[in-house]
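We call the chains A, B, C and D, going by the order they appear; numbering starts again at 1 in every chain.
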């Protein structure tokens, strides 16, 4: 009986954290954001070197065949370091889709390339979790037409695309009839965009059960986003405690004021149990698929709320400094803000959770 | 320009508060509750002597012709002293209904008697704000059949009854075919009950505009209940501050702990603006009827939330003592709990408020 | 993550199930504390090692090795089958571990066996009207006169005082010492002359608690656990255990299922309330929190088994569990509307009025066993390493 | 309750309306601070008494009698017609009242007229990196050498530093005195040698604030308001005013109407979001709070007119107003979903990204002008009469 991360998973986190601390500290993230860079190849190359894109890919396709909890453990690190990287789409969403819905040929074509870090993916799934401004992509005769909004990891070599029939497709970024526009957004560590399809030829993934592969892709995606929020929230709490221990007002460190202590205690009290929820949700993906949809919904919606609370409270603990760019605390605030809205906001996901249990 | 209670209204409150402090202190309320008394005639007689049942009744019917804000000012006092009394139905709901929907004859019959304190009213309106357990009263040929639940001020001489067609009726408590059962509830200062009608002959109030009189009765009723919650909340805050200034732990009065201070500050910050909302809502009843429905909704729903917050927080400030019967703090807690649910809970009232403005 | 139990434990679980199936007919059905049925059931459970598992046989226990997983399995199986488990109460859960750790051999032999057997019932005398959050400021005094302590003062929140044979009680024996160092831990009989018990009505209108008054109560000198002046440390040796059990997330989830049922049955204007999107949203928020706390508990258990750190996870459980439960009960009342006001005999009373009762009871639990404010102090200081508030008291006392 | 204005005031309101109708073509349209258009509009408004109403003519004001209602009517009418009112800024709103109360005759004559005319622009030098909530611990020093103060140190949150001609600045002149008694209030020019301004980027990515650094800045001895060491009291004479304006409920209600429009337009899966019951519920909660705060403001105004007490009502308005506005902006983002993330040029950007911008800006306002924690201290101490926390500092300093 072991509820939590294994020693191996903790070691994985240590490796990723160590790399990010050294090679992708806040200054690097700042540079990426302020210069509005498209790809942070140095960071991605390092993550590839750590084997991360191969995480979920079976050994037979050149992967290391770990599970969703391992991937979530990585996402927690990425959130903690507000890391720009196409990990979510490339290492999680695309391999999950291809494994569940791809033919043997498609698996052979894409998975080894992903595992080796030779290609990256973005993901156009937003319409499947709630279409805005009447966006939507229609597939007919292996051609796509329409518009996908809020495509995750927009600066990538390929895209995983969901159509209005809940089927999944793969489109290379240099395909014909593809118009790609960046959509500048609040969290500058995660480039998103819109893709307009005009008779774009695609490679359809032929799932056995229409829609269920897409469902699984969204479930695992939501868990990863929740993990990212968990990491970002923990970091904001840690920074708050540290700042409060250093900052002096009224001849005391502010960490000795009950109001400040209680704000920190409340953040910890929100974060700790949500960590267990997240672990369990990730665990169900591989070990208890019947439970995974409900748990993924709850993990995403609940961590969105925890994140919003922590983002606000941690900023307040930092006082005026929290509002400035000097400490960069807002990078985490905005990361959490992005995570809240992408792949479904908390209100609509809670309604999904209710339906998932027949309510 | 004067936003708030007039000198006359403040004097009215002083009078009512003085009377209640002397003649209906907590010990008297306790006795009423613990012995499950039906009517507290001593208290009611005193309120009659202060002229309260005549408050809203025109001078031509022997009343003193004041307005809804005066009545709300009284309800605030009743909440502050957790007073058992049929004021709401007798002095507010019934006169409002009879004035809006009664014939000249009915007005002559009932209003002077109410003003003089010779008769009391209960009110069966719950089905009009959301029928539970399929309750409902049907009127045919001046007879009522069916069941009314949660009748306010059940131990009264007459009842104001809404039927499923949104028409209002008056039934004396000794009418034929009437079965009256008390429904024991959490707030023992406000007796409610069910009435079963079996071909009960009634006096129908013939409103010009079906439903609009009922709407107005509910609006003013909600404002009065909100005022009651305001009074109860203010009293809970006052008691909390006082208790915190006396109670010592760790060699300090607990009022010097930032956590306790902030709980009290938060209660005050919730109560103060809701007082202005309540005043304005009451003001609209007489001065700006087009605004009154929306304001009545907001006053009732918002003060329900404020009350729940204050009820919980004040109890926590009192620590273990708040949980016991020793100080009797729970009388206010339960009063607020009753007010939250009666004549519509906050969720359904907020939906009404949204509809009222065409959303 | 490995949520499976080894075959050995699965076999153990089957044993427990079989035992329950075979024997549940003999289990108590609400009998009084010291009835034969209660005592013989307790005896049987000790024999099988389903209660008092790790307490040595010489003190009336089963004498087994500590095993957190077996303990959890026993708990789960008795709960699942709704079969009464071993006796609880403050004697067994608090005094026995204290005596095992700090009692004299004579005290262990004298008090533990009858306590475990359900023959000796205890109550706890810690809190006082003026010593709540600041328990160490308690004032009930005990003065040594010859071979006896003379106890004067009063206690509050004494939950089974009217049923108890004995009390374990914190008293001030060294009034001159700093407040934590002047307390002693005494044991004495509740029928001693000079003890008066007054029931304490709470906001739910129940009489679950008492006030206990002592006037010149005489206690034999050797009925002290630990040394004079060490009572605070004796009491604290096990005080932490109490908090864990308040706001149990499994109970909350069970309760949530009941709430969902309720929302399916109750209607307003003929519409099922389960279909009201605002209530659905509140329900789902609560479900996510309740699940989080359940998994958090599993994490804590796991870390105890595997000797890893989960301090913070453990510390937050009382705070979050009691607040959540209070919210859940309040949601049920909102869903029922006026039906949720019913309290007392009426045709419309739902679930025996338990929603209202629990709504208030859990407000009491937010306060009891360390208020939420004290919990937050603890989380920030012991969990996050933030400083204590500077002490004023020493200045004041100096 | 009487929400009407007397005929005299109704007539005044008509005058104001007529003025605006006739003259609004001459109002500034976003011109720079010291442009002719801005200055001549200001001059016209002073002439009419629509700004600087009560400031004596000898100092460049209108010289009218104080009249809270007229002031309110002016504010309402300019806001309603979206016409720029009189100049604001820290010089006019904070320094002028301070000088009027505590300046020398010479200072009043020298500084007030050009400030009112919009010819002399000021910034405020109060906060320092290490003196925020505890403003009185500020360390920027001024040492008197002959006829000059030599100023060293730095200030933060100086909002118009890059545009200002002058600064009014708190500096420590008596390092040995208790902290509140060692501060002086200096005025000096921003182009003095030794001043460096660095823009401060905030979380909205705007550069609305600055840091200002002083190295051996020389200030003539007589540019001090009040006496040496009295600067804290000079500053506090008017500090209370600033807080009232943060989180204005009328702006919140206007914003809520915009939010409702937004929810009518935006859809998810083709469904209008205004029809989502969970969002409707959140909207209505916010509306009730916003209306409460608007009426609360009216109550405060009324009590100022009628000289009655509304201390608490006034104290809570910054705390509640800023928190509410932050919530409202957050709701808009939730309603828009991913559209609410847009920030920067894109076809999907809604209302210029103001929802995200204001969501963060009002988080800043929860902190600025006295954090919510400081506000709650003030409410409990000055509003409810609860004691201050015992002071440690004296002990520490002793």
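For this structure, a couple of remarks:
Here is the rule we go by: a residue touches a chain if its C-beta (ideal position, glycine included) is under 8 Å from a C-beta of that chain, and two chains touch if they have at least 3 such contacts.
This one's a predicted model, so the numbers in the text were calculated from it and none came from an experiment.
Of the two chain pairs examined here, B-C and A-B, the one linked by more C-beta pairs in contact is B-C. Placing every chain at the mean of its C-alpha atoms, the farthest one from chain B is found to be A. One simple way to say how far apart two chains are is to compare their mean CA positions; for chain A and chain C this gives 41 Å. Our note on geometry: chain A versus chain B, Cα centroid distance of 51 Å, whole angstroms.
Residue positions of chain B touching 2 or more other chains: 252, 257-260, 262, 347, 351.
The set of chain C residues touching two or more other chains comprises 276-278, 281, 373, 376, 390, 392. The touching residues of chain D, when paired with chain A in their complex, are 127, 130-134, 137, 156-157, 200-203, 205, 209, 266-270, 276, 278-279, 326, 330, 333-334, 336-346, 348, 356, 360, 363-364, 366-368, 371-373, 376, 392-393, 396-397.
Contacts from chain A toward chain B in the complex involve residues 257-259, 262.
Within the complex, the chain C residues that touch chain D are 276-278, 281, 390, 392, 395. Residues of chain D that touch chain B in their complex: 1-5, 9, 69, 260, 274, 277, 280-281, 283-285, 287-289, 291-293, 295-296, 298-299, 301-303, 305-306, 308, 312-313, 316-317, 319-320, 373, 375-377, 379-381, 383-390. Against chain D, in their complex, chain B makes its touches with residues 1-6, 69, 241, 244-245, 252-253, 255-256, 258, 260-262, 264-266, 268-269, 272-277, 279-280, 282-283, 287, 295, 298, 301-302, 305, 347, 350-351, 353-354, 359.
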